[in-house]
Amino acid sequence: MTSSWQQKPMRYTWSEDEAMSDTHPSLEVTVADIQMKNPVMTASGTFGYGSEYVDFIDLNQIGAIVVKGITSVPWVGNAMPRIFETPSGMLNAIGLQNVGVDGFIDKKLPYLRNFDVPVIVNICGEQVEEYLEVTEKLDAADGVAAIELNISCPNLHCGGMSFGVDPKLTDELVKGVRKKTSLPLLVKLSPNITDITVIARAAEDAGADGLSVINTALGMAIDINTRRPQLANITGGLSGPAIKPIAVRMVWQVYNAVSIPIIGMGGIMTGDDAIEFFIAGASAVAVGTANFVNPRASLDVVEGIKEYLEQHRLHSIAELVGSLEIP
Amino acid sequence: MPTLAKKVDLSTEVISNELIAENHYLLRCSCPEIAASTLPGQFIHVLISQGSGLLLRRPFTVYTVEDDQITMLYQLIGEGTNVLSGLKCGDSIRVLGPLGNTFDLSVTPNPAIIVGGGAGIASLMLLATALRDADVHTLALVGSMNQARLLSVKDLQAIGVDTHIATDDGSVGHHGFVTELLNHTLETRDLQNPAIYACGPDGMLRAVTKIGLDSGIPTQLAMENRMGCALGVCLGCVCKVQLPEGGFEYQRVCTEGPVFNAKDIVW
Amino acid sequence: MTSSWQQKPMRYTWSEDEAMSDTHPSLEVTVADIQMKNPVMTASGTFGYGSEYVDFIDLNQIGAIVVKGITSVPWVGNAMPRIFETPSGMLNAIGLQNVGVDGFIDKKLPYLRNFDVPVIVNICGEQVEEYLEVTEKLDAADGVAAIELNISCPNLHCGGMSFGVDPKLTDELVKGVRKKTSLPLLVKLSPNITDITVIARAAEDAGADGLSVINTALGMAIDINTRRPQLANITGGLSGPAIKPIAVRMVWQVYNAVSIPIIGMGGIMTGDDAIEFFIAGASAVAVGTANFVNPRASLDVVEGIKEYLEQHRLHSIAELVGSLEIP
Amino acid sequence: MPTLAKKVDLSTEVISNELIAENHYLLRCSCPEIAASTLPGQFIHVLISQGSGLLLRRPFTVYTVEDDQITMLYQLIGEGTNVLSGLKCGDSIRVLGPLGNTFDLSVTPNPAIIVGGGAGIASLMLLATALRDADVHTLALVGSMNQARLLSVKDLQAIGVDTHIATDDGSVGHHGFVTELLNHTLETRDLQNPAIYACGPDGMLRAVTKIGLDSGIPTQLAMENRMGCALGVCLGCVCKVQLPEGGFEYQRVCTEGPVFNAKDIVW
């Protein structure tokens, strides 16, 4: 499938465009100033650096690639075991194993520049300074479309999630990063919180251009034979269809609290799942764990969205965003 | 190291799925692309039932390749393999592969000593076939809990591999661990240029590693770990690997492995 | 299965008891002064008032029956639809439809008095005063073994969950109820919170005898064809295996934070699931959604626990509680 | 109202499971206890696949009872019925039942008018049989989308029920709604003591209710709603029922229903 975006001549006026899109809905969206052929991103940590999937999909057809969380220096990651399957979900405690920002810019980014797809870099750190350092380097690099600030990683002992549950820390961090870059800035929120709208508003007020909702839910599993945790890190992040109802609820709450766009994620396996997030208030979605089950998942979701739009005679995603009808 | 083939993800039908030993099944399906390019030690990632509470795929080594067909030999462990064992001819599964690296055969061993514990032997069958094809003298040491669970002995003998057995309960072959058989073999035979290839439970692999290191015999291990993607992106399947420059890093069993040099693994 | 408790002559000394239990582990537990034949309760709202299950199980064999949430006056409940299935879980927004405390005491309690099983009454309200009124009436009634204070119902517009996410309100409510009754007092905690240990400690300090962990997680689902919420209440509580990893994590966190016993719940379908909760720190468990799938679920869980204890040559649940080994 | 039998939950094997009309299947299994005691309108709660992501059971009316066997006639709707339709002879399911109340036949109707829309007719077949057994003159009005999806006409005719058809596309019978057939019947025939028994989509049931109320004919509806427990405890399946003393309450379709007096339902 090539998206209608690639075929649409620029001279079309609005009305011609409208007429046309009766049969060819436009999947194109611009979210937080990131122009995308379609509203489907890959979720950070579930798509590597893109190259791992080229046997299965044409990266040019994805809305945007969000790469694995990057830190100021390479991180070795947590001990094993790091993942565990749970009913309709999985726990992970990878511990942000990554090549570091320099390694990313030198070794990973050049490959991604070969494609015509926005690359969004997910960044993390234990201290504000680390986030700032990474941001400065990415701002200077060629081929970064946006930064996604991970303030919600459940697998870091300090930093990470602690930012994501404290509006003051969120404010400080987002303001700091905001000063270091003019790239679109997404802030990724944690579901492990009493009221997600407090952090959402703090991030918006501090200058975020968009919000990624949600990161994984903190969970735990135990091997009853050894009586040890199933993850070396004891707890880990729960992802997959199991958390979809929580994610949809949070997208809806955040949509009603802020006016910047939302990237919805959490358990999206199909186009229909994505539509639920749009109706709840997401302007784009990200596909995470589904990539592990089906390497073509992100494009299958694109296809499913397109079919839904066609069936329902909708012209664009915008008509769906936040369209929840409360009887 | 041979270059790896393009990976494919395809839906296929089960051709047969039979109990071949207590608690162990052999599943056969048609996967021309995978059959054509799988190297010894490589594995497939199997989606057992779409839309069930079992979210993730399950990894299994390709046991044999025959024309367009591949087989996998698997042990009943938990829910995934339980559902798998219920599949009948005509049921569909999705198969992603071929995945991972292969054994390093750059130096021709003489003999090649294959050491398999339990279902671990399944990961060494294609290697045995490749060695036979390359006229490498090969010994296989096969360990199992008991005679009823003994795997692959006939398949190995059928391709002319000199096969020895150890069982935990002595119901057939050597009464004891397969690593005792390995020690015995190294002690009693005059081996020119031996190399060890092992797959099995962690305890066995650690013992094999010690034997290999102590006797200076090159030893390769086919490692296992829980897998998410099997494509190198989730970093869920890592094992701890010593670096030449000192220190260690976590390497992916699905990508840098499943075959590792035993001397590099940090247990 | 008759529990070993019923067969154990009282004259046995400790050492004889020990020797015997090598083959017959004791499932008997006393949790928050509630004496139970086994550590398996039914979760509130998933077992009605017991009578609904008598075709399938002998109520005398359950550890304790926790009845549907009771309020000061009868509540009509939420509009339909009230439930929706999600991957490995379900959403509910019943809205506490119940006969009210007087109706409960008059019409439901007499039936339950026919059985030799502790009856725990889950209570809820919108105001502190309502909780107090219900408590006073239950304290005076015959056949109530304990009160479970529901401060975590996600389906009430005011009251309910708002208590459960505010340590000051929790303190006030628990202290108030504590003064009105000498019955064992359990406080049921909400998972929809940043740090569950804060509320757990507040409840403990205010005089709770035990904690029920967890109530349902707030979720939402949307019908993509009508664009309406799948529940009339818009959001609802997520229960079932999907939330088990979150529940186990919270039990473990609470276990490390308080010294009163914990009743663990959230997605328990089998004895093995229950064992996970014991190892994480629960002294008893409750079976909820599983009752809908398998009307014998609670007794199947009892049976599974017994088998595990036998296999692992354990004499009692106590040996398991909080026995998580961290390598 | 007859007293209800003890409920059982039993595991049984599928005897047959066949496509009987476009999008509709008939599943047969052996359930002696349920077969022995099911009353017209009662339903079973079916656990389709244990341990899958589909957590809850699915409710279906008992369509027919033959000796030890029961059948259910179901429409493909979503994931549950999709998995169900894939079951083969010998596959196992768990069946909980018999559940719910039954039709009120305390006043003998003449004629009994059965109105079924789509798969709704499945909930009225046992009633038709009971009426035939009681020698009650019975008319059946069966509505469906088109001829290919038409259900139960032959089964009704086989027990001697005077059956009329309406299809949305006019491919067979009356071109239009089954409620138009009902109006037509009431207008053109001279009926002594008629009573209406209906099951189908909400829109149809509302229209039938209006016809019944307007013409003063006693009307009973077999209602549907999503179910959790089907045993009366989760309060998930309620419908809004008017109280004689004024006001309303939510009553459980699984327990106070599925059969309700049409005049009591608040839409």
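In order of appearance the chains are A, B, C and D, and numbering begins at 1 in each one.
Definition applied: a contact is a pair of C-beta atoms (placed from the backbone, for glycine too) under 8 Å apart; a residue touches a chain by one contact, two chains touch by 3 or more.
The structure displayed is predicted, hence computed values, not measured ones.
Comparing chain pairs A-D and C-D, the larger number of C-beta contacts belongs to C-D.
Note: the chain lying farthest from chain C is B, by mean C-alpha position.
Centre-to-centre separation between chain B and chain C, using Cα means, comes to 46 Å. Chain B and chain D, compared by their mean Cα positions, are separated by 55 Å. Centres computed as Cα averages put chain C at a distance of 36 Å from chain D.
Taken residue by residue, chain A touches two or more other chains at 87-89, 240-241, whereas all remaining positions touch fewer.
For chain B, residues that reach two or more other chains under the stated contact definition are 53-54. Residue ranges on chain A touching chain C, taken from their complex, read 86-89, 91, 165, 192-195, 217-222, 224, 226-229, 232, 234-235, 238, 240-246, 248-249, 252, 267, 272, 275-276, 279-280, 308, 323-327. Residues 53 of chain B touch chain C in their complex.
Contacts from chain C toward chain D in the complex involve residues 45-48, 52-53, 55-56, 68, 76-77, 79-85, 87-90, 92, 94, 97, 240-241, 289, 291-296.
Partner chain A is touched in their complex by these residues of chain B: 6-9, 47, 53-57, 94, 96, 225-240, 248-250.
Taken together, the chain A residues at the contact with chain D in this complex read 87-88, 241.
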